[in-house]
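Starting off with a structure, shown below.
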């Protein structure tokens, strides 16, 4: 088995392992987005298909994956580097097993949710108010203005010592905006791009625009602009959406 | 005496009536005859007949659910007998508090003056869409123009209702936050600096 | 002879059942037993009995409207028989299935909630921002305060809509975590076996 030709199908990447390594080293693919466990699972699956243990492949794979993991760990947890280095190999293995077990359980829980959804797809219910219902009156009890100052003080306080906030990428992934626009378009038929990205940083706006092009390329949306520099409007590509819709859909929402 | 195999022959319209019931109970707006026909894949005439059946079943005095024909089409409503109970359900006693998200958003808008959703999101570190929408719906904040520049985002300010609920004559009565800064601009800078630190 | 004003004495629970029907048909979310009792101004026991009556009347196969116990309360939904008709008329807010990342995030929040984005990221090993934003947008998870301590991250929990979409009465109906991830134990055993072999 040639490790570098291992075909991967991950959320963030699809293609041979070798290409993934190249992209990571060229910093064209953010390791934070790469599910390394997924690579390991794929490798183990391939390994299991063979009768004999391919020692050479295992060795090469271990070296490559270890390097990937180290790079990723440094990127994700710079502050914890010292802490991890302190672990004895056995402890590290135990910690790895523990984390792996936790993640596997969540993966199975996710699989259970998928199955559940498939079973519930013919349950339709109303979301939102009934057509002829009385208008709810939501009066608020008197509030204490001191609470406003309190929450603002908390927001203005510098984050506590070890923060994992560095995981929030400064260059947001395109997928984030793809998901966001899709979600928005399930609620609204037309979305004003400028309004959605107004106030975001230039980089974020640029990435959001890339996401638009991505969605357009996949024929999931239509983009219109009345004139140069006029607001950009995004709408669902209805018929294609209907034609491509093969994934389970389970809830409804009245027109 | 011969007994018929089935004592009650199901009315052939019953299945259609059940489909219509289902459609009406899911709808959040009245459904027109056309919509009902299209969804049930049935002739208008038969849908009309089935609606007649439902009209008898879901009639005032017979059922808590009443079928009503309104301008836009057909819809279920609560019976008049249940008006008091419905009123109790909807006019529930005053809501006690605001969620953390609502409170934070409100504090930002109150102290910093007109503020856009993206700005609130940046300061809080999470998307502000639902918090802002909720506060607008409750009438505690309202739109106040747009940010400068082409395609500037909508900005929000607090409303007179906000002042009433918080027992303030005006915004200058908000508790002073001298430890954070002398004025709105300084507080704003401080909040942005912290949020940048949080995501750095 | 005096004739009674009413020839037919209705089941005394009928009036209550009608009131409950009315409440359920206008409610915008499942109503808990407490809410039903408060709105109907009735004892829990009687409301329970009336709900039993309604459960028989609005049962799958009998009616297009079905009474179900979901998300900690009672609600009407369309019968499964009418799913095709409903699908023709109503828009689905979750058009495309949830991505694997979104599903895993949803599972983590459902089991460990309230939990923050960094916590989700730690378990999944990848940043969770877009998945969390998407789930919030769809109304399946919502903010639930911040982590303790200064500058704590926003935490999330699943919403009643989540329970409703997945047809759960409450989160305890999720499979027990201990019952999941058998293969995780296998992996652990294998790791230990391998290391034992090495040192042997």
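Letters are used for the chains, namely A, B and C, taken in the order the chains are written, and counting of residues starts over at 1 for each.
Here is the rule we go by: a residue touches a chain if its C-beta (ideal position, glycine included) is under 8 Å from a C-beta of that chain, and two chains touch if they have at least 3 such contacts.
What you are looking at is a predicted structure, and each value in this text was computed from that prediction instead of being measured.
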{"item": "Closest chain to the centre of mass proxy, which here is the mean CA position", "value": "C"}
{"item": "Chain whose mean Cα position lies farthest from chain A", "value": "B"}
{"item": "Inter-centroid spacing, chain B versus chain A (mean Cα positions, whole Å)", "value": "28"}
{"item": "Computed distance of Cα centres, chain C from chain B, in Å", "value": "19"}
{"item": "Distance between chain centroids, defined by C-alpha means - chain A, chain C (Å)", "value": "23"}
{"item": "Where chain B touches two or more other chains, by residue", "value": "22, 25-27, 35, 76-78, 86, 90, 100, 124-125, 194, 198"}
{"item": "Multi-chain contact sites of chain A, meaning residues that touch two or more partners", "value": "124-130, 132-134, 157-159, 163, 165, 168, 252-255"}
{"item": "In the complex, chain B residues that touch chain C", "value": "17-23, 25-27, 31, 35, 38-41, 63-65, 76-79, 81-82, 85-86, 88-90, 99-101, 124-127, 129-131, 194, 198"}
{"item": "Footprint of chain C on chain A - complex, ascending", "value": "11-12, 32-37, 72, 76, 90, 93, 96-97, 99-110, 112-114, 116-117, 119-130, 132-134, 154, 157-160, 163-165, 167-169, 172-173, 175-177, 179-180, 182-184, 186-187, 241, 245, 247-255"}
{"item": "Residues on chain A engaged by chain B in the complex (per definition of touch)", "value": "124-149, 151-153, 155-159, 163, 165-166, 168, 170, 194-195, 197-200, 229, 231, 252-255"}
{"item": "For the chain C and chain A complex, residues of the former touching the latter", "value": "25-28, 75-78, 80, 82-83, 86-87, 89-97, 99-104, 106-108, 110-111, 117-118, 121-127, 129-131, 133-134, 137-138, 146, 149-153, 161, 164-167, 174-175, 177, 180-181, 183-185, 187-188, 191-192, 195"}
